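In structure tokens below, several structures.
Shared between the two complexes below is subunit A, which pairs with subunit B and subunit C, respectively.
So, the complex of A and B:
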């Protein structure tokens, strides 16, 4: 038997290789190096790896092909998402260091698992084959199940890990069953072939069931209602640095796969899924925002807010046009910066062992730490969607795409939801600036690096909100692969 | 062929249900073994000899033995009485919804026209063919699976390491 080895080009998956090798090396260093060198250098090493991967991604920009027998796409869409993932991973690593030292949990494996999770995210964004997308989901999820349970002594952390593992496995089964159904109906795993088959022959029973199950699987990962029940408990129980990481990473990766599959494979049968997603988007936004009103724990509040944001982003997918897809990319980048920033402040204010997580612990923050309160205000304004922040323009693009596509009612509901969200985000600003501290806040330790990261993130949120042109162009460039 | 398939499928389904509803964990595990064997036989019917052999050696053999060891080492107790009546409303509503969804799926699937199956090559499912596709078309997924397994191993060590620093 002769074997034709397909030609492969390793530079196409350069960022993937860098992060995987860095993760492996970290595990080895952790096992074989002395205690003294260990602690200080793990995060620096992983940050270097993230920076190299970022550089590789930038150098690959504008290359458009597919590799490994069409298993992955090498295109700007995946590069744009790579940049989001790498930014998210890098900022999360910076935010983790001090937090983990407080808990005496500064392990090398922690950073290695984060890098592996980033590999999974990249696979999801680049997957040209459902097998790769599924593998990406698993490589992303398993490290996060483990990292949510990192604090073994803490019952809440255990609960978070177990809940996420069980429900995540359940949703993976849905995803896998959906993939099997699609294969049964079309005899292919390749997105391009699936798209061609559906365009030519229309949908059949198998592909209907498969599409529905895919929505369930992805919906769980981006926490759409009614698959959002795990989100608040997992976000609350997991270590805050991991909550930050998964709130942006998992969501962006799952949306990358969601957008690619639905805009590439199913655009010709839009009528079949847009009503379904319409209902899901309205339910997600409403449940997220209304429930967030009642939260007093800031991590739970941000969890519900992340559910609501999944709803807004879904509006862009329902619109399904160029502007909608561009809006999703822009929004996810903005969301990464603003949400990580908000979690960074939460980590700083919570201090030792997460003792200050109630929203009233923020009272008087502006008098003692005006800088911290100011950046938090920027992030919260951006999460609300107020000009001139990036959050405003993200919402603006997505909503105007939906108006263009004729979903007027959806946009009206989304705007009403944004108004509801003003209350719970700005309540924190009010508490910070207008209420006197109930007790002396005590020292809030912020290392210079974290400080710089928070300030740069806040500036970036403002900057891409005021001058969106460049990012918008990049996002525009990235979604050219989708026909319509 | 058809009759054999349906017999095997029924065995797999019934044993799968038994895994879930058995109270005694050892019995659940043994039903799981039965399920794996039925699946292996279905793989054989689909011309996938290699996968069938792997299924029996790895799953029914190695993994299930580990399962049984763990169950016996943990010495699980019987759950307390009275658990069955909790959340009765949810259970009824849930099973109603599940039945409705399954009915819808079955209705849809039976009414559709199955696309004509492609004829298989004579060496389909042989070890050689599996190896070939693993090292050509499925090279990247194959390599990535190794990362997935590594992550799972590292995670198990982190969560189970005895000393809390």
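So, the complex of A and C:
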């Protein structure tokens, strides 16, 4: 009897290895170095790891294969998402440094957990097998459960962690059950085999249930209505730097898996799921935007806005065409930049112990700190979807994909929702520019690195908004794997 | 003609923005001087457009075409014809006047103010020269931001935020639906011709089924009607006008409102000609209602600025009526009336601003007998008032006369009702003028008002020059628009005759 030992090329998962090793090393340093190694260097170490992983991803670009017995897809789709995740992780790390020092919570495991979460995200984007995707979800989720509860003394942080853990466990269960159902119906975990099976034999009872449960599971992670209940509380309670990380990273990762599974496995039964998602998208956008109108805590407002953005992105998935998938990739990149940017400003203004989180704390900011207010304005207008920002182009691509696919009413509902969102994003600019400071804001200290990050993000938002061609082309290249 | 004048016009204000950003905010005079220099230079750069413009052709001129997002068929495509020429000139003409007008008026956050003003200019020029639907949409939206800030930051403290947000949201309602319509049009064009493009001129003469035209006309029409503003979506205008700083009101009246009427002429009507004919009764009736309603409401205003704002509703009603007559006189009258309204209402806002600066009130009841105290002011105010009423010899008459002529040819009933608007205009303007300027000085505070300074006269004189010029010899301006208008009218006639817009050759611009 001979055992086939599959050939494995480790460079294919180079970025994942780099981040995992870096995370483990950080844990070791933290445990054994005592006070010898300054914790101040941990973030630099993780940034270097992220940079190396980014480089590895770029070098892998255009390689198209699958590895680890077809468990892992090595393709541009996953690389594009890797870039999004790494950008998100890198910016979040930069934003964290000062924030953690303020709280005196500069634990070594913080950065290690962030790196592990990034590994989970990458697995979700690259998974060619439902089990790998599930593993990715767990590797991503567990660090984030811990990180949202980082402030042990803070009730809200505790609440956030517990809530996220409980609901996250539920969603994992749904996901797992869905996977089991699909296995029951088709006897395979592999996406490619699932697709072939369904194409050949059509759907059966098990696969229907499985598909529905997958929607629920992914829906939790991207916070689709009606599975969005956890989002505002978790976003509000978690440390702001983690909220920022989670709002872009988790969402992008879940969408990566969502898009990959639905466009690869279920395209032949689009009719069956698009109505379901249509309703979910409309509900998500509407619930997110309408509820955001009433928020006065900026973290909660951004939480609801992130729900609404999940709705817009879902429109691209419903469109289900090349343009839609390209639009999703572009949108998620834009969203990563603009949302992290907005959270960066929130962190800067909130300062010690998050004492300035009310939106009225921003009054008069524009004339005390014009630079900070200006970048915030760029991010907000990008979130609204005003040209010439990346946010506009993202919406433009997604909406045009939906129009192309014939979902005109969905697009009309989506633009009406964008209109609602104008009001609450605009309110922040109103407060910053048009209202005198209610109380003296006091000094807002922004470290040069954070400053540079915010400015670069804002410029990037404008730049890829004005010259979207290159990014669009990259995204286009990345979705070639989906046939239709 | 290879010199990229239009791109320079678009970019120059942005260069100004960059320059001003680098200046120290303490040096107010340097900032204002830089803004003034940029605005004047911009005007100078735009002059060749006027002189080199070939008025014998309806083709697009000064065309520049570069791919922007080629995979999507988006290009940077700009060019002007007779219709946009006048509006571009109006924009470059009014901006230096605005900078000069706010020379002493704006003391607070001068730097940001000038940045907004120049940024706005880029947006306005862009809207008028864009020939790519996507590019047009980008400029259309971009221009919202600085205007929103102008109203919201430098407006009247009491209600500026309300007015700014209302302005923003109203405009967004229309433009987002327009975006959907643009996308539908884009994919329809791609389906029919197989070419993915946002090129406006290629979409003219596309044979669109009537039902689709119907909805798209409404989607585009709503965006433009809000901007015009037509009754009943005009309600943002009185608030925005009243609360905006003087310069904001001037630009709003002179240029921004014209984007709505221009949009109808450039996009709505030629893109969806069948629907355009179908909707004539609806839009004409709304225009007539606007004329009469605006005039009647002006009659009862107690606030000078609000009165001028409502008179805009009435004047723009005339423009819309003229455009929807689809004949030579009506459309030409509509175009010239756009310019007239820009000049006379712009001047009225400047005048109201000047008196507000002195008295810090805009209530008509607070004034009276001003003509004795401020003779120069009174003279200029009188001329502008008469121009706004439409006195023969001044610009307003030319526009209104042509519009009524055109409207009469198209449908007598609309014209008869619209003509009453002229009478109402005389009533509310003259009554206002009488209460403000004549009589005895009843209010102590009015006794020692200073007459206009040299700067203020310089601000108003160029406007007066054109008010008289258009009034006495409108041909200078009419001949520029003639070819384009004739082309438009022929196109619309053909669409009516065949009920199919197969006229692919006409309206097709220079495709270099």
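Criterion: the second predicted complex is superposed on the first by the 481 of 484 C-alpha atoms of A that agree within 3 Å, B and C clash if a C-alpha of one lies under 4 Å from a C-alpha of the other, contacts with A are read in each partner's own complex, and residues count from 1 in each chain.
One rule holds for everything that comes next: a residue touches a chain if its C-beta (ideal position, glycine included) is under 8 Å from a C-beta of that chain, and two chains touch if they have at least 3 such contacts.
Here the structure is a predicted model, which means the values were calculated and not measured.
K.L.:
Quick check on the superposed pair: does A:279 touch subunit B, subunit C, both, or neither? Answer first, second, both or neither.
P.N.:
neither
K.L.:
Check whether A:294 is in contact with subunit B, with subunit C, with both or with neither, and answer first, second, both or neither.
P.N.:
neither
K.L.:
Based on the superposed arrangement, let me know which partner A:386 touches: subunit B (first), subunit C (second), both, or neither?
P.N.:
A:386 sits against subunit C, while subunit B stays out of touch.
K.L.:
Once chain A of both complexes is superposed, is A:469 in touch with subunit B (first), subunit C (second), both, or neither?
P.N.:
A:469: touches subunit C, not subunit B.
K.L.:
Is A:185 in contact with subunit B, with subunit C, with both, or with neither (first, second, both, neither)?
P.N.:
After superposing on A, A:185 lies in contact with subunit B but is clear of subunit C.
K.L.:
Counting residues of subunit A touched by each partner, does subunit B or subunit C come out ahead?
P.N.:
B
K.L.:
Enumerate the residues of subunit A that count as touching subunit B in its complex and touching subunit C in the other.
P.N.:
Shared contact residues on subunit A (touching subunit B in one complex, subunit C in the other): none at all.
K.L.:
Under the touch definition given earlier, write down the residues of subunit A that touch subunit C in their complex.
P.N.:
Against subunit C, the touching part of subunit A is residues 367, 370, 381, 386-388, 392, 396, 399-400, 403-404, 408, 411-412, 415-416, 418-419, 422-423, 426-427, 430, 433-435, 468-469, 472-473, 476.
K.L.:
Flag every residue of subunit C that touches subunit A in the complex, lowest number first.
P.N.:
Contact set of subunit C toward subunit A: 68-72, 109, 112, 137-138, 141-142, 144-145, 148-149, 152-153, 160-161, 164-165, 168-169, 172-173, 176-177, 179-180, 183-184, 186-187.
K.L.:
If you look only at subunit A, which of its residues touch subunit B in the complex?
P.N.:
Going through subunit A, the ones touching subunit B are 1, 3-6, 8, 13, 20, 23-24, 27, 68-69, 71-72, 104-105, 107, 109, 112-113, 116, 119, 123, 129, 131-132, 135-136, 138-139, 142-143, 145-146, 149-150, 152-153, 161, 185-187, 201, 204-206, 208-209.
K.L.:
Looking at the complex, which residues from subunit B come into contact with subunit A?
P.N.:
105, 108-113, 115, 117-118, 123, 128, 132, 135-141, 144-145, 147-148, 150-152, 154-155, 157-159, 164-165
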